[in-house]
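Each chain carries a letter (A, B, C and D) given by its place in the written order, and its residues are counted from 1.
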Amino acid sequence: MIKNFNAFKKSLQDGREVYYRGKLVKDVTKHPITKLEVAPVEALFDEQYWFNNPDYGCRTSRFWNIPRNSADLLERSKITYEITKELEMLWPHIGSDCMLALRVSTNTLGGVFKERYDAFAKHVITNNLWLACAQIDSKGDRRFRPAEQPDPDQYVHVVQEKKDGIVVRGAKLHTSMTAIANEIVVCPGRAFKEGDEDYAIAFAVPPNTKGLKLIMRPGIASEGAKHQAEGPRANWKRMGESMTVFDNVFVPWERVFVYKDLKAASGLALLFALFHRLSAVSYRTALAEHFIGMGKLIAEANGVDRAPHIARDITDLIVYTEIQRACSRMACYECHIDKRSGVAIPNNIYTNAGKLYSNSNYMKVMNSLIDIAGGVACTAPSGEDYANKDLRPLVKKYMTGAVSGEERFKLMLLIREQIALLGGEEAVIYIHAEGSQEASIVELYRSYNYTETKEGIKKMLDRMVF
Amino acid sequence: MIKNFNAFKKSLQDGREVYYRGKLVKDVTKHPITKLEVAPVEALFDEQYWFNNPDYGCRTSRFWNIPRNSADLLERSKITYEITKELEMLWPHIGSDCMLALRVSTNTLGGVFKERYDAFAKHVITNNLWLACAQIDSKGDRRFRPAEQPDPDQYVHVVQEKKDGIVVRGAKLHTSMTAIANEIVVCPGRAFKEGDEDYAIAFAVPPNTKGLKLIMRPGIASEGAKHQAEGPRANWKRMGESMTVFDNVFVPWERVFVYKDLKAASGLALLFALFHRLSAVSYRTALAEHFIGMGKLIAEANGVDRAPHIARDITDLIVYTEIQRACSRMACYECHIDKRSGVAIPNNIYTNAGKLYSNSNYMKVMNSLIDIAGGVACTAPSGEDYANKDLRPLVKKYMTGAVSGEERFKLMLLIREQIALLGGEEAVIYIHAEGSQEASIVELYRSYNYTETKEGIKKMLDRMVF
Amino acid sequence: MIKNFNAFKKSLQDGREVYYRGKLVKDVTKHPITKLEVAPVEALFDEQYWFNNPDYGCRTSRFWNIPRNSADLLERSKITYEITKELEMLWPHIGSDCMLALRVSTNTLGGVFKERYDAFAKHVITNNLWLACAQIDSKGDRRFRPAEQPDPDQYVHVVQEKKDGIVVRGAKLHTSMTAIANEIVVCPGRAFKEGDEDYAIAFAVPPNTKGLKLIMRPGIASEGAKHQAEGPRANWKRMGESMTVFDNVFVPWERVFVYKDLKAASGLALLFALFHRLSAVSYRTALAEHFIGMGKLIAEANGVDRAPHIARDITDLIVYTEIQRACSRMACYECHIDKRSGVAIPNNIYTNAGKLYSNSNYMKVMNSLIDIAGGVACTAPSGEDYANKDLRPLVKKYMTGAVSGEERFKLMLLIREQIALLGGEEAVIYIHAEGSQEASIVELYRSYNYTETKEGIKKMLDRMVF
Amino acid sequence: MIKNFNAFKKSLQDGREVYYRGKLVKDVTKHPITKLEVAPVEALFDEQYWFNNPDYGCRTSRFWNIPRNSADLLERSKITYEITKELEMLWPHIGSDCMLALRVSTNTLGGVFKERYDAFAKHVITNNLWLACAQIDSKGDRRFRPAEQPDPDQYVHVVQEKKDGIVVRGAKLHTSMTAIANEIVVCPGRAFKEGDEDYAIAFAVPPNTKGLKLIMRPGIASEGAKHQAEGPRANWKRMGESMTVFDNVFVPWERVFVYKDLKAASGLALLFALFHRLSAVSYRTALAEHFIGMGKLIAEANGVDRAPHIARDITDLIVYTEIQRACSRMACYECHIDKRSGVAIPNNIYTNAGKLYSNSNYMKVMNSLIDIAGGVACTAPSGEDYANKDLRPLVKKYMTGAVSGEERFKLMLLIREQIALLGGEEAVIYIHAEGSQEASIVELYRSYNYTETKEGIKKMLDRMVF
C-alpha cells in the first residue's frame, strides 16, 4: 500500500516511457514540468480526505466511498470542490469517476467481468493506487466510424487474442494524469454499432507496460511563467495530458472488463462521462469562485466597484458560479440508484445541463473578467521590473489605485496569469473537457424525457375545436 | 369562511370600483375579461391543494403552510409549479408570498405590529381569503427619491394621521389580481433613506374601500383570440393587473403593519421580493416545460426533429427549464431559518441567480422556439378558415407535415397564440415581473458574500514574492 | 395604365377569391382588414417615387429602375428605407426584387424565355402593375425532397402540359401582398436535384385566375388594437400574407419563364432571395431606427436616460441599426454586374451577413427595448380609460414621469403596440422572413470564398519546420 | 531622412532607457524580444507602401497621405488591412492616426499651435520617422478626476513652466511601440473639466529624452513559444507596450501642441480615438480572416467541415469578419470633411459601432474557433516530439485526420499558438485596445443624433387621440 506522498513518488519511478518535448523523462517526480503534476497528489494524503471505508474494511481516500444515496454523492461533489479550492486548479478524481462507471457496468454484466472488476477495485483501493482514465481515441477522419477508418488503429482495438490475454493497438488523446498514475484504465469513448466489436472493450494496464508510450503535451503556462510572481499557480502545480500510444500492448484477461460487447461498451462510455461531468461541474464551481474573488478585488483596487457596468460584470461571475453549484448539487439531491450495483448515479439532466451551461458561458464570463481588469491585465510590467530596486518605486507609484501599488500590481500579475498564461489552456478545457458542447447537446436532446411536456401541450390541443 | 368557488365569486360582488377599458365593471365574475381572471381560483378549491393546517387548527390551502424547513419550502415551490402546469398560466400565490414576508418583518418588530399581523393572518387564512399584494409605486420621475418627487403622491404615503387610523394617497402599478382579491396588502417597493418616513409603511385594505380605484390593463391577448381554437389558453384563463389608485384611502390602525419605519420597510420590500421570486422561478419552470413540449411536437410535426440545429434549439429550451428548476429547488434545499418567526427563508443567491438567468435568457429561448416553428407560426390561416367546410380540405392538405394536417395546423395555432397573442405580455413579464434584470443584478451584487472568494485569491497573492 | 390610387383600388375588384377568417372577401379595398393592406400602396403614387424610366421610355416607379451600378442599387436601398420610414411598416418592393432576379435568369437562358420575360416586364412596368411573389411551398414533410413527398402537391408543380400552356397544382405559403396584387409571380423556393424537374418552374398569373385561392392569415395585431390610440400603426396600415392555393391553375406559355430547368430554377431561387434580402436589410434599418426613437423617448420620459444600463440598452439599439445600415449599403457599394443582363447584383456576403445579423439579434434588442420601457409597457391602462373624463386625471397624474402624464402614457401605449400587438408577428418576421437563420448560415457557408483566408494560414504553416 | 530598415535600426540606438524584465536593454534591435518589435517596421520600407506625397513634395509612406475624401480614407483603411495580413499581426499606423487628429486640432486652434504642428509634421514625415502615441494615463484611483487624485501624478501634467518649455510628470500605460519609435507623441486620454487645466496638454518628445523611462510588458507569447514550429507568429514579430514614465521630463515649447486648453484637449482625445478605432476595425478585419482560414482548414483536416454545428461556427467567423469590414469601409465611404484642415474624418457612428461589435463579440468567435478545433488545440504533443525521429511516426500516425498527420499536426500547433500563446494577450487587446466596450458605449450613446429617430416616433404619437 502506498502510505504517503514519498511512497507515491517512488511508485512512479518504474521505467514508464514518458516523453516531454521530445525527450524521455527519466524521473517524472524530478522533471521540472512533470513534478508539478506530481505535486497536487500530496493533498490526497491529508487526513481530511481519508475515512474508514466500510466496503474495503480499511482506511482509504474518501473518493473511494461508493455513493449509495444523495448524501454520498453530495459529499463526493463537495470534496471535489474543496480540493479544487485548496489546489487552486481543476483536480477531478478521474480514477474513481471511472471505477464507479465500471462498477455499474460490470455488475450489470455479472460473471467473470464482475469478478475481474472486484479484484481490480480491491487492488487499487486497498493499495491506494492513483489511476488515470484513457477515453478519447485519436479518431482519425471523423467522417468514419471506428471500423470504417482507413487506418483501423484510429480507435484503440484488439489486434490479437491470446490464451492469457489480448493485444491492443491505437492511441488515446487528452489523457490526464497518465504520467503520474499507477494504473491506466482504458474506456471506450463513444457509442458503437455492429461491426465495431473489436473496439468495444475496456481494460487496465500499468503505465510501464511494454509498448505503452506517453507523449505529454507541453506545459505552456508553466514554462511561460518566467518570474515566480507571474505564475503563482502555473509554477506551483499543474495537470498534464498525454497522447497515450498503445503500440501492441498486452493486457491479461483479468484486466479486461468489457470485451467485444457493443451495448456494455456504449453504456460505459456514457456512464463514465456522467460521473466525470459531475466532477467537472463541481470543480468548475470552485474555479469560478476564484473568478469572483479576482474580479471583486480588482474592481476595488481600481476604485470602480461601484460602477454599474462593473457590478454587472461581477454579477455575471456570480451567476456563472451559482448556477454551476446549483446544478452539481441538484445532480446529487435528485440522483437515482442503480439496482444491481447499488451505486447512486448522478441525475443525468442536471449534470449535462450544468455542464453545457458551463461550457457555453465560459468565454462570456472571461469577457466580463477582462472587462473588469482593464488593459493592464496585459500591459503591466514584469515581476523582474518590480524586483529591480530602481524601477520598483516607479512601478509601485503608477500601479497605485484605490489600494497600494504593490497590492494592485500583484493583482494585475495574477489576472495576467489567469488570462494570458492559463487562459488559453483553460478555454479549451472549459469548452471541450469532459465532452464538447455538441456532445452535451446530443446527450441532453437524446435522453430528455419529453412525455410530460408533450402531454401538457396535448391537453391544450384537445381544447381546440373548429 | 369562503367554502367554495361559488362563495368566492359571491365575495367579489362587493361594490369594488373596477374599471376595464374606461367602464365600471359591475360584476367582475361576469365581465368577459375579468371573469377569466376569476376562473383560475377554482383550482385552489381542489382537494389536492388543501391540508390540515397545524398553525390555524383547521383545513386551509396548502399555500398557507408556514415553511419551517427545506421540505416545506420544496413543497411550496412544487405546488406553485403544479398549479402552473394545471392552469397553463403563471399563477404564483402572491398573497402568501407577501404574508410570509410580513410574518418575518412583524415578528422582528414585535409588539403591536406582531399582534396586528397575527390577527390579520388568522382572519385571512381561516376565512380562506384571496389576497393581492400591491408593491410597485407609480414612481414619477425616476431621478428622484420618494420624498424628493415634484409630486409627493408618486409613492403611496401617509397624508393624514387620525385617531383610528391613517389616510394614504398614491398609486401602485402592475398589481396582479386586485380585481379578484378579498384583501389588498400594500408593501413598500424599494429601500428608503432618511426623509422618506411617510412612505415607509405597509398595510392592508379590502378592495371595496372608499377611494380605492382599480384601473385594469386591457387583456389584449384574450381580446385578440377571435376564434376559440386560436386562444385555447388566452380565452380560458388569465391574470390581470391594475393601476391601483389610493385616492385618500382610510386604513384603520389594526391593518397597519409597518409604520414610518425606514429599516423595517426596506427589509420588507426585499423579503417580499425574495419569497415572490422563488414563486417566480417555480412557475417559470412549469411554463418553460410547455416550451419544450411545443418545440418538440412542432419539430416532429415538421419532420425536422433530427436536424442538428433543431436539436440545439430544443436543448436550449431544456437547459432553460432545468436551470430554473435547479435554482428554485436549491433555494429550498439550502434555505435559512429566521430565528424569531421560525420561517424558512429561501436562499437569496439561488433565488436571484435563477431569476436573473430566467429574465436574461427568455428572449433567447423564444428565438429558439420561433426558429423551430418556422414562418407558419405567423402566416397560418385562421380557425374560421378551418371551420369553413370548403377551405378545410385545402388547409388540411397543405398543413400536412410528418403528422396530419389537422394536428399540425392546431400546433401552429397554438404556437401563434404563444408568440403573437400571449408573447408580448409574456416578454414583459419575463423581463420585468418580480423585479427587472437590473434589480436582480443590484441585489445579487449587494448581498453576495465575497469573503471566501477573496480569501482564496489572497492565498495566491501571498505566494507572490519579488 | 393604373394612373392613381383610385384606379389601383378599382383594379383589385376583379373577382379574385380572397378568404379572411373563413369568409370570401367581396372587395379587398373595403374589408376592414384587407383595406389596411391596400392603404400603403397610395404612397407609391407620390411624385417622389417616380422618374422617367429610360428603359421603358415613360414615367414609372423608381423601383422599376434597372440597377446597373452601385449608385442605382444604393438608391434602390434608400427608397426602400425611406418608404419604410414613411409608412412606419416594412414595405419591401417584392415585385421588383423578383423581376430583377427573373431578368437575370431569363437573360442567361435567352431565346423564348427572355422574350416572354421582356414582354411581361413591359406589360407590368408600363401599366404600373403591383406584383406579389409567391416563393415558399407548403413543403409537407421536410424530411423529403419535392419529388419524394408522399403527397406530390407539397411543392407547386406541373401536372399537365397543354398546347397553349401548363396546369399547375400546389400551395405557396407566407405570400405577402397577394390580395392586393395585379399579378402573382411564382418562383421556386429551393435548389433542386435530378428528379425534381416538374417543380423547377417559374411563371406568373393574375390573382383572379380560376383555381387560385388566397387564404389570408388573420391580422391579429390590427384586430387587437381596440382603441385607436392603442394601434396607431396596427390600425393604419398593414401587410398581409396568404396561403396561396393553386388548385389546377392554367398558365399560358407566354407566362412561363423557367420550365423544368433544374439549374435555372435553383439559381433563380437564390437570386430572388438575394435581391429580397437586400430590401430586407434596408427596411430593417428603417424599422430599427424606430426602436432607437422609442427607446430614447421612453428613457427620457422615465427620467432614466442617464442610467448606465439604459445607455447600454439604447446603444444596443444603435449598433443594431447601424450594422444593418452598413451591411445594406456595402452590399450596394461592392456589388457585381451580371454580364448578360447588365443588372447590378448586390454583394452576396454583405447582404447575407447583414441579414443573418439582423435575424439573430432581433430578440436581443427587443430585450433591451423592453428593459428600457419597464413593466408599464404591459400594465398601462387602456385608451378608453384615458378617454373617460373621471379616470383621465388619475391616469395622467400617475403616468407622469420626467415628462407630462399624457406624453408618457402615449409612449407606453406605443411601446405596448410595438411589443404586445405587433411584436409577435414581427418576431417571426425578423427571424424567418426572407429566409431563416439556418438558411443564411447555409448560404454564407456555401458561397464564401475561402481561398485567400486559407492562403494566409498556409504561409504560416510553411514557416513551421521541425 | 531614414532611408532604409538598417538606418531605422540605427536610429534606435540612441541611449533610450528601455527596460525588459528588470534589465536595461542596451540595443533594442538586438534584444531577443524587442528585436521582434523592430522586425515589422521592415515592411514599411517596401515600395508598395510608398508614394509621392503632394503635401510634402517628396516620397513618403502612404500612411502619411492626408485623407481629404472617402477614397483617401478607404486607401488608408486598406493598407492597414493589407499590412496586417502581410505581417500576420495587428499593426495599426498609430503615429499617423495621432498626427491626423493633431492636424485637425491645431488647425482649429490656429496660430502658434498650428505652426508648431506643421513644423513637427514636416520633420516627422520628410525624415520618415516612426512615432508612438502615448495616451492612456496610469489613472490611479478611478473614483477621482485628474485634479482630484490623491497623487497628482496619476495623469501626466505640467509641473513647471520655463522660458523655453515645460516640465511634465506622470506615466502613460499601454503605449505601443515606444521602444522602437523616433518620437513619442503624448495626447490626453479623456475629457477634462474645469480645474484639470494642467492635464489638458499634448506634446512630443524623443524616446531618449532625459527622465523618460520605458518599462516594457513581458512578451509572454514570444517567450513561451519554445519550439520554432510552436510560435510561427509569436517568434516572428510582435508588438510591445510600455509603462512610459515621465520623470520630470522637459519639453521645449515648439513641441507643445495643446496647452492647458480643456476643450482642445478633450476634443483631441476623442479625435485620436476615432482615427485609431478606424485603424483598429481595419486591422481586426484582417486578423479575423485568419480565424476563418484556420477554422476552415482545421474543420477540413478533422473531416467535420460538413457537420452543421461546424458550419455554424465557421459562419460565426465569417459574419464577424464581414461586419467589421462593412463598418470600416462605411466609416470611409460616409466620412465628413473638417473644414479648416480639409482632413476627411471617419464616420463616428460606423467606426464606433464596428469597434463595439468587434470588442463585444471576440470571445464568442473564439468560442466558435475552439469548438471547431477540438481538445487537441490544447493537448497536442510538442514540436520537439515531432522532431524526435522515434516519436514522429507515432505522432504523425495518430494526428492523421482527413489530411496527412503532419499537416493536421501543424494546424494544431498553429491553433494552439493562436489560443494558448497569443490568445490571452489578444483577448485583452480585442476587449480593451483603442478603448473598452464601455468607452464605445459612452461615445456612441453621447454622439448619436437622435433627432430623426425621435421625429419618426412623434409622428406616431400625433396620430394617437382619445
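In this text, a residue touches a chain if its C-beta (ideal position, glycine included) is under 8 Å from a C-beta of that chain, and two chains touch if they have at least 3 such contacts.
If you're wondering where the values come from, they're calculated on a predicted model, not measured in any experiment.
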Selected pair, greater C-beta contact count between A-B and A-C: A-B
Remotest chain, subunit D as reference, centres from CA atoms: B
Approximate Å spacing (C-alpha centroids) for the pair subunit A, subunit B: 41
Centroid distance [mean C-alpha coordinates] between subunit D and subunit A, Å: 38
Between subunit A and subunit C, centroid-to-centroid distance (C-alpha), Å: 50
In subunit D, residues with contacts to at least two other chains: 227, 309, 312, 383, 386-387
Subunit B partner contacts - residues on subunit C that touch it in the complex: 19-23, 136, 138-144, 151, 153-154, 171, 173-174, 213, 215-218, 220-221, 223-224, 226-227, 230, 241, 243, 245, 247, 302-304, 306, 309, 360, 362-364, 366-367, 370-371, 373-388, 391, 394-395, 397-402, 416, 419-421, 423-425, 427-429, 431-433, 436-438, 441
Subunit C residues within the subunit D interface of the complex: 85, 88, 227-229, 232-233, 236, 289-290, 292-294, 296-297, 311-312, 314-315, 318-319, 322-323, 325-327, 329-330, 333-334, 349-350, 353-354, 356-357, 383, 386-387, 392, 407, 410-411, 413-414, 440-442, 444-445, 448, 450, 452-457, 459-461, 463-466
Subunit C-facing residues of subunit A, complex: 307-309, 312
